[in-house]
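What follows is a single structure, and I will ask about it in a moment.
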């Protein structure tokens, strides 16, 4: 057990810090979602130009070949510097690794480069309105049509779809199939008729998610990833890459929130109230445990190649801590914190999504019970 | 809406208070369970002699014909005076009303009188080790045997069994039947070979519950209540009488606990800590809401004859409040409160049973969801 | 002992439920919220019906009913998230009636009852009330400060609109220079408690709406081949929401009854109602979002309005922490 | 960066798990608890193995391993609810090693390592430590009071056995007249933090046992025709217990590592471990009783020992509230 960095990890961090010291992402644009995304894409271009995009990708694919710990350090340092996530984060974390695993030479050749630079943004078309948390209930239909496929259906919660050139799309190619069988994973070109993106407004008022309407969209055989009928396995590769490095970004962001709240409370004398101080300590402890548990998960993954129970738990910890933190902020800071558009009221509303996005709390607890604890499934 | 008592309710209460002022139950015996029960039976004899036993029973059956509110007042006043529950509480609240509803003339004649006076104590033989919360899974077998029945099986959680002369026993008379069908309700004589009572020790160290082993116990046809094969409906009558008046006894006891804790904390300066005061307020609020909700349920029952959602909820409120209260006591009073046999450590341990006895929290929430809210059953 | 609404009171509640279901469907609530409210047409119609004067004595041209009737009405206004300033007007009327002079009563109460004037009440610290409902456009604003109240006309008060996360109602920050306005001679404490009782009743309606909408949704919505309400995690969540709603209802009705019939018990009952209703409403509305799944996080699903109302309305007459302090004090005193 | 036990440390843990599973099955724990403990035979065997000296430096005849190794061991002792006074001895050894004089170290540490003497440590307020583990029969008692420590022999301390709800371990109240015993010259703060880290590790074991026993039970026990572990309410309860156990483990291991490698971070890490492990252990053990249904409320089901241990052991080195105060102070300071 050693919670300090090894010399090579320290060297990696120091090199990154040095680069970040010279390369400021610039001021965060507020209020204009397109300007904000353009800022993130620009940031990714600069990262890529300096070799800091896809740090965890193998060197042969243009990455830096970073270890898992180095990748965690990368996201922590980004958050520490209050830099944004790269614009094409789904491409870097999900599409890229999935294409590396399942793609043929041509697919790798075609896609990996533009993912790294952010030249081509990716979105993820898995969820559907009727399926919700039940991924195997995918209904979007891809029908054989000459030498390609015609795709019809609807996806939802597709973040970045309105910026995306490509979509990781899960569709049913065997109409007689049920559940996990008969699904195929497509690399769908978003720039065509038959693909319509409609923003979905969140309770915060923003539109970070979209509905995706597919009405006769086309895909070629060359755009099938991992083979016809193999979509479930390919999708599982994508999902297992989800949240990997991001946990460390979130974890630092949570700590920044705790510190910001502590500072704001201290300034107003709020910490003189032992009730508030106690609640702050509770939340700070949750955030610290999140950090530690994320590191434990990382070590486990490095040692065994398999995510341990920790990876299922950090999401639960994070969402719970963030909801508690933001409610505390609103309680302790009073009506000022409830002003529309204020930092804490935004965080309060946004936090409600934490127990829904990326696997609802209910689904994650099912997973923990069945896959980690080995409890029997509900019949 | 009127939360004061009507003149007749006030008259009832004052008469009871007058009697209680002249009739002290005497000091509660500690440490000796048999002496304690004898004290409660003696108390019931005195109540009966003065016409205060079975206050909610019709006058024709020897009761006082009290209204539901008066019955609630009765239990509240008992608790207010720190008097115990009558020794034969299961006879008064469950067996008596069930026999009034389903019994024939001979059964009423035979049993109601000795229930009122406490001369014959009753216990309830519903739960079984393998059935747990699933009452319809009863396996205890009553086999036709000449002009009577021979009963074999095991019951559990039979409080008062070691004092009881009679048992409300649910057994399966049709061996081919499943679930709710084929059950019969017996008035089982406990004083016979073939009935063995084994105390079940609780985590508090006491033995208030028992296991009941039936090995060839006998019952006559005259001891069948409500007809052969009708046991489920008769048992539902028993269950619908459960907890009726007791909620008010518990509610006063909870308030006494809150007040005792507040006094003990105040004496030690514990309430100067805003965290402790806040937690005390939270618990006190829960207890107050319990009281109010119990009254709302009572009014609803009087008005409609049907228990409303309140009756399903007061048990949940009570168990949650008591667990929170006792944990707070132990937290705020420090190691002293963890001494074996001390008031608060006893209450802490005893409170863990609250979410299990009389319907587990899980079962009660199922009931609330399905019967009150009309949600679909899990398939 | 009868702890339930009377037949007349239930009739008031039913009428309000039906009327508001018609006038304030979700589309209307959304339109009001997105348009910055308030719902003038609705306010006018409710004034026609005499609702603003429900608890104003008949001698001042009100309906002369009690706080319980007002609570029944407010519960329905909360259920519908109606954009009419009845809570604010009722709160101010309580203060003017309870702490005002004869002249102040005669000047204001009939106009408030008729709906020809509106008013509101705010709790001020250092000449500023940080969160006041429907103060913009109010003809009179009662500021309660250190146990004393003063009445300001629109011209005398400094009203700064406050855009909160709850746009189903307008809120403002209200300040007034020391000495501005005219004092109410009496003690406004009971009026604030009565207002808190009504605010709690409104939150009961919010809880109930969150519960009803959720039960309807989870009974319909299917996943993994069955309605999601048949999953125990969802069903138990609904049971917890029921528990929250009924807890809030018990406490709010108790406070309303105390306001009418037990002045000595009112301070405790009002603090209880505030604490329990605020906690319940926050929990139940957060649960409603969760039980709606990803859809619950969208603007179009409308459950977020309930959550936002619960968050902001909980603070109208002080913090939950302050209410808890009063409860703890009362418990310690009775020991 | 490597936040996991090393292969050697896992081996220590496995060995302890296996040995204690054999020596301390539930029947043995019950016998010790009902007989008033401690388990002399077990203590003797563990002393043979050198366990009491696991974190005592080799120069004082200990095994010379670190707090992480000791934590791994303590976790298993907690898992087994073993009736051997290793936590107490380790706590006292930390104080004597960290704050004692050379002479005190030489006098006590070799004997503690060999198991030929036992010791304990208590936090005193006004010359009395209200809750001290395994003080009866201890040869040395370290009392920490207002940031200073003194070492008392059995003859010098006033040990009043305290029968707590947790009879799996012996506790006592320990007093000493002012001036009794001999002072440890150094600052005992770090030793108390190291002790708190080990106490937290012990509670991790309690959490894990509660979880393992519950998962085994609900996988077997059938109701309504299926294993109760397939009911979502039960399954999610188990997930919550897993979350509690892993949270406690993260915090306790972090504190143990800080004790070995990051003295500056130790005060925060120890407060974190205490707070998180205490909360987790109480919740997880209460959940274990609940998930066992009515059976869980019986003496024979044995889960209650875990609950009782969690309740009492959480208080050994102060209250959770005090730990939270330290956390809040640290957060405010870094802001």
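Letters A, B, C and D mark the chains as written, and numbering starts fresh at 1 in each.
Everything that follows uses one rule, which is that a contact is a pair of C-beta atoms (placed from the backbone, for glycine too) under 8 Å apart; a residue touches a chain by one contact, two chains touch by 3 or more.
Everything numeric in this text was worked out from a predicted model, so none of it was measured.
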Furthest chain, CA centroid comparison against subunit D: C
Between A-C and A-D, the pair joined by more C-beta contacts: A-D
Approximate Å spacing (C-alpha centroids) for the pair subunit B, subunit C: 39
Centroid spacing, where centroids are CA-atom means, of subunit A and subunit B in whole angstrom: 53
Junction residues of subunit D, two or more chains touched: 231-233, 236, 321
Shared-contact residues (touching 2 or more other chains) in subunit A: 273-275, 278, 362, 365, 378
Complex contact set, residues of subunit C against subunit A: 130-131, 162-167, 221-224, 231, 233-234, 282, 286, 289-290, 293-294, 296-300, 304, 307-308, 311-312, 315, 319-321
Residue ranges of subunit A in contact with subunit D within the complex: 1-6, 9, 69, 72, 258-259, 262-263, 266, 271, 274, 277-278, 280-282, 284-285, 288-289, 292-293, 295-296, 298-300, 302-303, 309-310, 313, 316-317, 362, 364-366, 368-370, 372-379
List of subunit A residues in touch with subunit B within their complex: 273-275, 278, 378
Subunit D - residues contacting subunit A, complex: 1-6, 9, 68, 211, 215, 218-219, 226-227, 229-232, 235-236, 238-240, 242-243, 246-247, 249-251, 253-254, 257, 261-262, 272, 275-276, 321, 324-325, 327-328, 331-332, 334-335
List of subunit A residues in touch with subunit C within their complex: 127, 130-134, 137, 156-157, 200-203, 205, 273, 275, 323, 327, 330-331, 334-336, 338-341, 345, 348-349, 352-353, 355-357, 360-362, 365, 378
